[in-house]
Each structure stands twice: as C-alpha cells, then as structure tokens.
Amino acid sequence: MQKIFKRRSEKGGLPPGTLAYVGEKKVEKVIITVFDYDSERYEEKELKSIDECFPYKDMPTVTWINIVGIHQVEIMEKIGNHFGIHSLIMEDILNTRQRPKMDDMDYYLFVVLKMLTYKEEDDVIDVEQTSIILGQTFVISFQEKEGDVFEPIRDRIRKNKGRIRKMGADYLAYALVDSVVDNYFTILEKIWERIEFLEEELVENPSTQALQEIYGLKRKMIFLRKSIWPLREVISELERGESSLIKETTGIYLRDVYDHTIQVIDTVETFRDMLSGILDVYLSSISNRMNEVMKVLTIIATIFIPLTFLAGVYGMNFRYMPELEWHQGYFGVLFLMVIVGIVMVFYFRKKKWL
Amino acid sequence: MQKIFKRRSEKGGLPPGTLAYVGEKKVEKVIITVFDYDSERYEEKELKSIDECFPYKDMPTVTWINIVGIHQVEIMEKIGNHFGIHSLIMEDILNTRQRPKMDDMDYYLFVVLKMLTYKEEDDVIDVEQTSIILGQTFVISFQEKEGDVFEPIRDRIRKNKGRIRKMGADYLAYALVDSVVDNYFTILEKIWERIEFLEEELVENPSTQALQEIYGLKRKMIFLRKSIWPLREVISELERGESSLIKETTGIYLRDVYDHTIQVIDTVETFRDMLSGILDVYLSSISNRMNEVMKVLTIIATIFIPLTFLAGVYGMNFRYMPELEWHQGYFGVLFLMVIVGIVMVFYFRKKKWL
Amino acid sequence: MQKIFKRRSEKGGLPPGTLAYVGEKKVEKVIITVFDYDSERYEEKELKSIDECFPYKDMPTVTWINIVGIHQVEIMEKIGNHFGIHSLIMEDILNTRQRPKMDDMDYYLFVVLKMLTYKEEDDVIDVEQTSIILGQTFVISFQEKEGDVFEPIRDRIRKNKGRIRKMGADYLAYALVDSVVDNYFTILEKIWERIEFLEEELVENPSTQALQEIYGLKRKMIFLRKSIWPLREVISELERGESSLIKETTGIYLRDVYDHTIQVIDTVETFRDMLSGILDVYLSSISNRMNEVMKVLTIIATIFIPLTFLAGVYGMNFRYMPELEWHQGYFGVLFLMVIVGIVMVFYFRKKKWL
Amino acid sequence: MQKIFKRRSEKGGLPPGTLAYVGEKKVEKVIITVFDYDSERYEEKELKSIDECFPYKDMPTVTWINIVGIHQVEIMEKIGNHFGIHSLIMEDILNTRQRPKMDDMDYYLFVVLKMLTYKEEDDVIDVEQTSIILGQTFVISFQEKEGDVFEPIRDRIRKNKGRIRKMGADYLAYALVDSVVDNYFTILEKIWERIEFLEEELVENPSTQALQEIYGLKRKMIFLRKSIWPLREVISELERGESSLIKETTGIYLRDVYDHTIQVIDTVETFRDMLSGILDVYLSSISNRMNEVMKVLTIIATIFIPLTFLAGVYGMNFRYMPELEWHQGYFGVLFLMVIVGIVMVFYFRKKKWL
Amino acid sequence: MQKIFKRRSEKGGLPPGTLAYVGEKKVEKVIITVFDYDSERYEEKELKSIDECFPYKDMPTVTWINIVGIHQVEIMEKIGNHFGIHSLIMEDILNTRQRPKMDDMDYYLFVVLKMLTYKEEDDVIDVEQTSIILGQTFVISFQEKEGDVFEPIRDRIRKNKGRIRKMGADYLAYALVDSVVDNYFTILEKIWERIEFLEEELVENPSTQALQEIYGLKRKMIFLRKSIWPLREVISELERGESSLIKETTGIYLRDVYDHTIQVIDTVETFRDMLSGILDVYLSSISNRMNEVMKVLTIIATIFIPLTFLAGVYGMNFRYMPELEWHQGYFGVLFLMVIVGIVMVFYFRKKKWL
C-alpha cells in the first residue's frame, strides 16, 4: 500500500484523458493472447503485435483479448483507438489506483476490479488492478502481471466444459469477474487460519508479537474492505441489467456473483468483529497479568515491610533498650513476627487476594 | 465455525453450476421421506430411491419431499433435473456456506435458512443449512442431518391439526420457515440463562473464567447475527407477495414470521448491548480491586518506610551519637514512631483512602 | 425482564394461531368494563360475562370494551370469534412478549403497545402489554392488570370533557395511545432525577455503588429503547392514514402523538449520551485518584529509600570504617540525609508532582 | 436543562388541546407589539390589549404581531380563536418543551424553533422557545422573554433597509428564522473560544478542572445537537415549497438558511470530534505522567533495594563474619555498591528507561 | 482553523444579501485576468479595471474571468450587477466560511469549493475558498489568493493542448473543479508520508511527541473530511445533468471527477482508520512498557525484600541470640539467602515473568 499516491501527483498537471501509466512496472514485456470461439470451434493464439487482434473486432464469434502488462502507453493507445474506447476510460485502465467501478458507455461496459493475491513469504496481500471491457462480441481484459486466476476459464473454453462456449461475450465477462471474486475466498481462508492460530496462541501466551500481528490483520481488513466494498455496487449495477450488452440469461449468474460478493463483505465484517474480540481478550488478559504481578508485589511487600521495621527497631544501638536484655527477647520478637505474618496472610485471604 | 472456507477453495476452478458438496458429511445415508396430502387424506412414506418421488410432481395434492443428507451429488442431480431446478440453485443447496437468501425463479421459489441448535455438552451452537424449494404443488426441503424441528409439522399433517391440510404448498413452506425461526428462541433462552448467571457471578466473583465466557458469548452473538440478520430481508421479500406461488391468504402468516424474525434480531441486539454492559461492569470492578490493592500497598509502605528509616538511623554505628546515650532515647524514638504513624493514618483518613 | 423467553419455547410445537397465554398471571379475575357513548348520552357498566358485550358490536354509538387480565383463554376465544378477529392477532394479544406493532386487517386495526410503570420500592420498570383493536364503531383494549392510566379518559367520557364524546372510535383509540405515550414522560422524569442525583454524587464521592447504579440506569435505557423505539413506526403508519378506519380529522392528533413519541425517543438517546458522559467522568476521577495515590507512594518511597540505604551503610559492622570514628560523622550523615531529602523534594517540585 | 419534564407530568391527565403553560414564567407582563407595513408605509405600536390586533388580520398589508411572554393562557386563547389556530398548535406554543418542528395547517404554517443565548456569567446556554405562525398576510411570533435578536429586523422595517418592505409575510417569517439561526453562530464562537483555550491549557497543565470543563462542553454539545438537529428537516420542509404560503421568490432565501443550518450542525459535529480528540490527548498525557512517575519509583527502588540489602548483610551481628575483619572490607563493599548501581543504570539505559 | 467564526458574528445584524467580506485579506491588490478563446484563437489579458471585462459577457467565445482577492466589496458588487448574479450568491462568495455547495440559478450555476494547500514549513493545511460561476459562455472564478493550481489549465488554453479549446464553458468549469480535486491528492500524499514515518517511528520509539503528531493528524483528518465530504454531493448534482448549462458531452468528465472525489473521501476514511490503528498500537506498546517496568520492580523487590528482612533479623542487638554465636551462622544465613533468591527466581520462571 506504500505507494498509493506516488505517481498520481507526478501526473498532476496533464489534461484529463492523457494516457500515462500510474503504477509500478510489474512485467517486462506486454503479453497479448486471443481466444476466439463459438460453440463449434475455438482458436487460441499469442499475438506478436497488437494490430493482429483488430480483425477480430467485428467477427460474430466471441473474442477474448487478454493483455498482461499495461505500462506500454503506445500499445494501449492503439487498442483504445481501434476499439473506440473513450480516452478517460483508457486513463482509468492505466491508473492502477482506481477503486472498483463500472461505467456503462452504451457501446461497451467498463469494469475495474481488484485482484488480490496473498504472498505467503512476505505475509502481504498483493493488489493488482484488472480492467474488463465488454463489447457486443468481444471482451478485453487488462492485467498488471501474469497470474493463473483466469487459467481455469481458458481451460473451460479449450475443453468446452460447462456452458461457456454456448454463451456470448457477456457470459465470458461474468466468468472473469466470478473468478476474481472466487479468489477472494482464498485470501479470507489464509486470514482465517491466522485468526484461528492467534486466538489459541493469545490465551496461553499473550506476547507482544501476537499483538503486532493482530494489528497487522486489522490493517489488512481495512485494506480488503476498501478493495472489495465498492464491488458490491458494481455487480449490483451490472445485474440490474440496464445495459443491452448483458443478456437476460446471464442475469442469474450475475446474481450469483453478487451473492458471493456480499458473502465476502460479510466475512470481512465478521473478521473485523472477531479481531476486535481477540484484541479485547488480549488486552484484558494483559491487564489481568498486571493485576496478578501487582498482587504478588503487594503481598510480599506488605508482609515483610512491617517485619523489617520490627527487625530495624531491635537493631538500634540505644544504650538503654530493656527488651534487648530479656532472655527470651529474641524469640519473643521472632514469635511476634510470625504472628504479624500470619495475620497479614489471613487478611489477604479474607480479601480474596490469595 | 472453524471450517468456513475449507472446501470452498478446493472447488475453486470448477465452472459455475457444477455440483459439488461443500461441507462435512453429517449423516451416513440419505433419507428421503414424502408426505402427500390434501384436506381429505394423507400419505407418508420413506423412499428407497429418489425416483419414487417423481410421480408426485404433477399431482394436484400437496407433496412434501424432505431430504436429509445432501452429500450424495448424484441424488441431488437427479432431483434437480427432474424438478427443473437451475444448476446454480442446486450448487447453492450443496454449498452449505451460503448466507440466508431467497431466489424467485418464477416456477419455484428457493429459500436458504440456517437451522441453529444448541449443543449443551460442548457449549456450542451448531449450524445446519436448510434449503426449501417451493413449487406450485410441492415443497422440497433439504437438511444436512436429522432433527426433530419439523416433527411437529409432520404431526399436524398426520392428525389434521390446525389448518395445514386445508392450505396449499405455500402454507407448508411457511410452516417450515416458521418452525426454524421459532427454534431460534430456544437458543436465545439458553444464552439468556448464561447471561443472567454471569451477571450475578461477576458482581461477587470477577474471575478470569467468567471473562472468557463473556467473550465467548459475544462471539456467539456475532455468529448468530450473521446467521439471522439476512433472514429479515428474505422473509420480507417473501411477504411482499410478488410471487404468484404465494397466495394472499398466506401473507398474514408470513407477516407473523417476519415479526418473529425482527424480535429475534432485536433480542440479539439487546443481548449484545447487555453483554457490553456486563463487560464494562466486570472491567471496572477489576480496576476497582486493583485500586484497593494499590491503596493497601501504599498505606503500608508509606507508614513503615519512614519508620524503618528512623530505626535505621539509630542502628548506625557512629562512635559519637548523643541520642544513643540518652536514658529515654529508645522510648523517645518509639514515641516518635507512634506519632509519625498516627499522623500518616490521619493524612490517609483526610484523603479518604481509609 | 428475567422471563422473556420462558413460555415461548413451551409453546414451541403448537400450530400457529393456537391461543395460549404467554406470560405471568397478573390479576386474579378478568374484569370487563364497557363504555358506550355518543355526543348525547353515555352508559358505563362492568360485565359479569363476556357475552353481554356482543350486542354493542353493531350499534352506531362508540363502544369501548376494556378487558383487564388476558390469561383466560376461553374468554379471549369468545371475543375473537364474535368480533371476527384473526387467530394470529388473538395469539399476539395473548403473547405478552410482542414488540410494539400495528397490523391493518382491513375491517379493524390492531395495535400493540408497551405500558411502562415505575415501581419506586424495587427501583424497577414494570412492563405491561396493552393491545388495542379498533373497529368501525368499537375499540377493544386488553390490559394485563388494572392501572389508572386510562382513568382520565373514562372521566372525560363521563363528564363530556374535551371533544371525545363528539368524535368516533378512532379518536378514542388515539386517546388510549396518547395516554400510554404521555405516561412514558413520568418514567423519564424518575430517571432524570436519578441521573441528576448521581451526577452530583459522583463528583464528590465516586463510590462503587454509584457505579452500579449508573450501569443499572444504562440497562434501563436499553430496555426503554427496545420498548419505545418501534412505536415510532407504529404511530407513523397509523398517521399516514391509509386505513379508512382513521378519519382525516384524527390525523392531526396522531401527528401530535407522533411528535411526543419522537420526543420520548430523543430523550432516551440524550439520557444514554449523558449516562456515558457521567460514566466517563466517574472513570477518569477514579483514575485520577489512583494517580494521586501512586504519586504519594512514589514520593515517600523515593525520598526514604536512599536515606534508609545511607543509614544501612553506617549500620554495617566493619571493623575499619573511618567515618564512624569521626567526631562529626553522625551529624555529617544526618546533614547529608537532609540535603538528599531536600534535593528530592525540589526534583518533584520541578516535575510538578507536588 | 434541569426541569425538562417537570410540568409535563402535572399536565398529565388533561384532554389533548387543553391550553396550559408548561415552563417557567420568564417575564412579568405579556408585551404585544405590532408592525404593519407595505413597501409604502409602516406602522409600529405596542398594544395594551390583545383585541387591538384583530383588525390587522384581514388587511392586505403585512402584519407582524410579536408576543413576548406566553404564560397568560387567556390571552393565548383569544389569539388562537381569532386567528383560527388549532387548539393542538396552541398547546404546542404553550408547551415550551417542544422539539423544533413545522406543521403545515393549509391556512397557516406553524414553526417551532429554539432560540439559544449564552449567559457568560453562569457559563450556561439558555434556551427559549420561539414559535412562528405564518398566515397569508400576517406573522405571529411568540417568545418566552424579551431579547434583542429580532431588533435588526425591526430596524430594517423601520428604515426600509434591504428588501423586507417589498416582500410579503413569508419573507418576514424567513427573516425571523434566519436571525434565530444566525444567532447560533454566536454560541458556537463562545464554545470555540473555550475549546481553543482548553487545548492549549491541557498540553501544559492537565488539571482535573480542565477535564471537568471538557465534559461540560461535551454535554453542551449533546444539548445543542438536540436543539438544532431537527431544524434541518424543518427548514428543508419549508424550502421544498409545498405550501402555497411560501412564494417562489422566498425559496432561495430559505435555501440560504438551510445552508446555514447545515453549517451549524456540521460545526457542532466537528466540535464533538475535536472535544473527543482533546479528551484523548488529555487522557494519554495523564497516563504518560503516571508512567513517568512509575519509572522514577522503579529506578530508585531497583537501584537502592539491592544496595540496602548488601548494607543489611554487613550490619548483621554474627560473631564470625570474616569480611568484617578485612582491612579493606568496608571500601570493598562500597566499591561493590557503586558497581551494582552503575550496572543498574546501564541496564535502564539499555531498556531506554532513562 | 482558529478564526472560523470571527467575522461571521460581526456581520450579525445585516440584512441578508448585504455584501461584506468575511475572512482575512490574503492579497494586497485584486488581480483580474481574462482568457477569451474558441478553437481558432485565444486572447489573454490582465485587466486594470473590472469594467473592461463586461464586453466579454455576450460574446459567443468562451470567456474565463479569474479574480484573485475578493476583499474589495465594490469590485464584487460591480461584477454581481453586471453579470446578474443574485445578491445572496455574491454574499456566499465573499463569506469565505461557506461549506462546499452548488446552487443552480437557471441562468448560471454557482459552485463553492475548498482549495487546500499544504504549507510544509508550518505543517499546516491552508484552506482557500474558490467560487465558480458558470454562465452560458463564461466562467468566473474567485480565489482568495494567487496560486499555481490553475496554471496548467492556462497552459492548455494557450498551447491548445487536449480538447479544452474545442469545448464550451462547461468544460472549462469542469477543468477548474478537476484541478482543485486533483490537488487534494497532493495533500493526501504528504499526510501519507507522515503516517508511514510515524508508523515505523512508533514501534521503535513510542515518544510523547509522536503521540502529539498522531493527534495532530487526526485533527487534520477531521478538518479534511469537513472540507471535502460535501463536495461529493456537489459534483453528483452537477453530473446528474439537470442544468441545461452542462452539455451531455461534459457528463462523462464530471463522472470522472466524481470518481476522484469518492477516492479522496475513501482515502480520508482509510487514513482515519489507520491513524486509529497506529494510536492503538502506540497505546498498547506504552502499556506493555509499563508492564515491563512493573515486572522488573516487582521481581527486584520481591527477591530482596525478604532477604533484607533476614539480614535485619540478624542485625538485631539482642543479648541472647544463639545463631549469632554459631561458627557457621553467617555462612548458613548467606546460604539461606541464596536459596530464598533461587526459589523466588524459579517461582517467577514458572509464572512466566522472566
């Protein structure tokens, strides 16, 4: 999350609609793959140049153009011009700091999503912006870097699994959104494992490190919430079906993704509540420990301070101290000390401190 | 709640609408029972094979097919195909991690509910997903395991009690929902008993264990809330009566369940507020105790530390210490110590610490 | 509030619409009184049997049937049957755990309210459910026990005060609701007196008992909120005047009750805020006291611990300790001690601890 | 705020619409002044009897009747009857415990506002209820006591400043509301001064008294919020212009007052947030001080307790203690003590406690 | 923020619509610059007198009049009169304490924005009110002081970059709003840097100064929120396109600014959450330190207090104390002390305090 605003301001003075990549370069080369299919046949190829994909635009078959790496502004400009995409939309695609949103541009729909991946090694959630352009017979998807989230969809197209080959471009767009949302569950699982672990850990051993991790998870939740929350509205808008690009038969599938999104948001909320709960447990167990420590100190101190005083008294060097001469003086004082100690212990018992 | 996301991700790459059981297997064998009735007669049987229930589909009488155990995908597929249920709906039935929802599919209504049961022995709330399909003349209910929540309804059908035999399939569906919602009150009662107990317990004896239980109850409330909250919308949608499957006469009954649901949600909220209140009482009584402990320590220490110092002074071994030679030196010092002690006690009295 | 769910679950398996009293029996005998009036004349009698009230149903005059004690199911059933009240409504009347609500049944309106009375002796708010059935020419009110809240209304009918005798049954129903809402102000006054008292008390003397009472009041607010909040919607629905039973002339009166209800809810919210404020003051004055105690301990301890150490040093019995032989050694050490003490005091002054 | 509910309950049993003054008498005599004007001329007089104002009712000129002191029920009744004001409205005018509201009675509009004044000497915000009746050609305003808030308006009428003489009664009503709202800014300024002062004060000198004042301001904010919040809706209703009494040209002025009201509410919210912030700063600086005190205690105690122990050891009177006989024993022990002290100090340095 | 209400009240009694500058004078001289352009040509000049700009009003070309310094009431009045701007709008322009808002006056639109600039040297966010009047062919913008935020727009006009010269006055107004909103990101970046810095700082070194800065940032967030939040509604109103002054082609650009505004608000919220998180980390690390300090004190004290007591006992001067005579008495006691110490250490180990 460190670089949220870095390039934004560097872009500051440019006129709106100027294409400029806002983000870090995450792949070396731009990779463009095309899938073109109908229920009968399919074709898959990796393009060397962006111009090769232009003929597909007006074919009646469904065409899926997947672009990995969006940092080459000239390629993006070509696509934008050829497919007639508004320069503001192109700007949004290149600005990887967008929040999830949906724009209905009549001839095409534009959807921005956040693809989240959990990097185990660094314990970090990695965000990648995924933009989808849905036209009448084509879908263009833009990714920041290669990933295997869309692989199962490719597989379904190749092997003609499920209904994907029988449906139109809108179903393909749905399938892409669905696989992004499904992927959120993987993140939530990882977080759930940490929460579960922390919960047991903290009861036995409330260390400062565990506390750090709770706060880390809390921040992740803030971050997740920010990435996922607007998605709800996006999908709800898609589902409401006001665009002629979304056929009625796809509506029920969108409703399904919508349900999943709600479920993800719901879970994020529940996790937040649970983390707060764990934190409360942690804090009160810390304060309980503190109490216990204080009690021990108090008990030891209140027992021995008076006794030490007594010993101090008979350690004074006055010439005339009658008790010092008594034969049983020493044992008398020891006995007195024992009595005082016992009385103290009983007092603490009564007060339920022991 | 531990396994919320376990199988979800294993299903990851499958195309939407693929049936796969997401959950734990809770019964060995799938049990299918059929009730078929009108106001004149009724028939009840346990089916050996799912095919036996197909003839009932088009009968004018009301048919209730209850299926316990949903882990056998092939049985589920047969039902889905025969009754014309959309594959996404079937997927939802099998995915036991759904949140409560309602889908109006024109020819049938689909309702998912959470059946909650309190397991006294483990102090755990057990969740079971209950799905209901309401068609023109049939109701199909799916349960994860056997339970006696629907038993009174069976009884009412058998003995022709109340109006159930005189009404249609929509009333039966209502009766099922109603018995699930009524069951929530039992859970709330159990929780209420614990809250009441804890409340008395904590005032007298604020132990750490009680604290743990409060936090446990708080988590249960989060969990209950999550399970019950969406139900409100579900029943409200049913009641709004936009589906032709729900007759107008059933509307008032749905309104009644709606009121009960609101009451359950209301109570959950009130419990949350009360638990927060109890927690506050607990925490401030803990901090009061701490204060008391600190005061005792402070009083003992501040009285004896100066006295011990005095004793220390006259325990020094200087050759020339005039007081040591005084005849009344010892008693004078003792007297001085008593005075200092009394002054301290008065100071504490004045400060209202004693 | 202890028995909120007790009988609810005992009723569990019964079919909906079965009449069963849910609550505690609060009066011995059911008392039925009838007022029948128009602008010319009025008649008041106490009925021996419920059948006596049936002839009033179709008279053109306004009839008010007040029933105190709803635990005799057979009486309730007779009324329900005769006045054509739906069995679910009758069930709601008997179930004293309802939340306030309004049901428009076309031929009659059904309103449930919570009558609150403050029992000074036990410092408890007592809830009683009051149900009102408003028909074309009659009002039936159900109370759990005798009370004098409706007495002024009776008086106005008897003495023809105000406009009550000139208006219809809807005005009578309004008058009943109005007197229930007006009564809430009495409760709020009592609570206000307690809050005011506590506020002064706590500043001078932050005792644990006062804390207990604040939490008690907080719980009462939760409880009040729960009882009164839904009323807002109830009266708003009545006022919106969609029912033909409510004449337009009564609308303005309902708006007035609505304003009062909002005012009650507003006040409950303000009290909650104020109680939180008082609690914060309490908690921070407790923590201030703790600080003061700690400071005294620290000052005493940090002054005397080094001095006692010094005394300890010269109390050692080494054979060769040159200072012990010095003639002014003792006074020198005493002087040193005074200096150390003064330095400490100045240090504390500088740190603003004294 | 002390007497919020005092008289309310005394009024308890009266039929709705009965006029009774609910509040404290704030002026001795009722003062009635009349302004009658059009763009050509104006007339101003103080009436001896209320009857004198009746002829103005049907004049085409704009008439403003301002009544200070509303405790004389008979005068109020006369006005109500003559101007045809509903008895419930009259009741609201006399009940000074109303919350701000607006009632559209077709022939006239009724607006209740809270006039706030800050009494510097007692540090108290004084509330006064101001009711405004807007008819076709007249405005009647009711105040509890004399004030100079309306004086600038009188002046503008007298001197024909601005557009007031050219506009109708609705503009006059607007001007009254506007001057009440403008007056809120004065209160906010006073509070702002206190907040600013407290903020600086608390950083240097976190006294208990400052804490008390923060809580006092917090309570004032609760109170302000309660008085001003409903105003938003009142003015918004006025502005929506559904009443034929408000001409379209006045709409833009109402929108202006609406903006001011929002600004007041906004500021109240901001102040609440800032007070919470100040409180947090206060509480954490208190707890920082506590920490510092504790650290000093701990450092002193942990350095000297071991040293005192060492001194104690060599103060024992055993006959055979070889060290005591050593020639350098005393200096050796002193050296040891210095070493222990230095080690301790280094330990604290390492732990960053010093 | 110190002077929010200063002049407001001084203006108190003036009739609405009276022009009076409310704010501090931020520039010496009023600077008026005019840009007049269409797609063919452009003209730029700095005016000496306001009258020079009047001829531009009715030209078909787009005219942008930028006025820096709004404290000269007579200049403002001239503009208002010539361009037919309502006196209430002029009053709003001069009152620099407005919250962001939009007024549709049919013949022109009025928009108030807050321009924020971060002054690094004082660590202060500076607010300047920017008002924009959009007419059919002209835009008038009012600034409190010179700034370079609009410079890039001037540049685009001069060099005919982007589409600005091809579009109408509405696009120019959009460009102004856009550059103000874009500027917010710069502020957010600065704040982000501080948050990031603080986050690392606080973990290692939780100083009081860092705490002060967190609270400072929190206040800045309150302030930002207050300035930016209403903007959302303003731009949403503009975008909804009900005014004929905004052409449909500009709609998509407004939607873009709207998205940015949402993003800013979103980020402000996220920052607030993060600051709360950092604060929690800070507070719990402080309390952890406190715990650690307490533990060290307790351990040292509880080990040495009993040992010191033992030493005290054998420092008593009783004539008859048998142990003193024992040959191994001294070493026995030393041994006993070591044992007691070891037992204590083991006890603390077991309790996990060491």
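The first chain written gets the first letter, and so on, giving A, B, C, D and E; residue counts start at 1 in each chain.
Here is the rule we go by: a contact is a pair of C-beta atoms (placed from the backbone, for glycine too) under 8 Å apart; a residue touches a chain by one contact, two chains touch by 3 or more.
Worth saying up front: this structure is predicted, and the values here are computed from it rather than measured.
If you take chain A and chain B together, no chain is in touch with both. Interface note: chain A and chain E, two copies of one sequence, contact each other through mostly non-matching residue numbers (shared numbers fall below half of all numbers used).
The centroid of the Cα atoms in chain B and the matching centroid in chain C are 26 Å apart. One inter-chain figure worth recording: chain A and chain C are separated by 42 Å, centre to centre, where each centre is the mean of the chain's CA atoms.
Measuring from the averaged C-alpha position of chain C to that of chain D gives a distance of 26 Å. Multi-chain contact residues of chain C, defined as those touching 2 or more other chains: 294, 297, 301, 305, 308, 312, 315-317, 321.
Taken as a graph of touching chains, this assembly is arranged as a ring, one closed cycle with exactly two partners per chain.
On the side of chain A, the complex with chain E involves touching residues 2, 4-6, 8-9, 12-18, 86, 88, 92, 97-99, 101, 103, 205, 208, 211-212, 215, 218-219, 222-223, 226, 279, 283, 286, 289-290, 292-294, 296-297, 300-301, 304-305, 307-308, 311-312, 314-317, 321, 323-330, 333-334, 337. Remark: chain C residues 151-152, 155-156, 161-164, 175, 178, 182-183, 185-186, 188-189, 192, 196, 203, 252-253, 255-256, 259, 262-263, 266-267, 270, 273-274, 277, 280-281, 284-285, 287-288, 291, 294-295, 297-298, 301-302, 305-306, 308-309, 312-313, 315-321, 351, 353 touch chain D in the complex.
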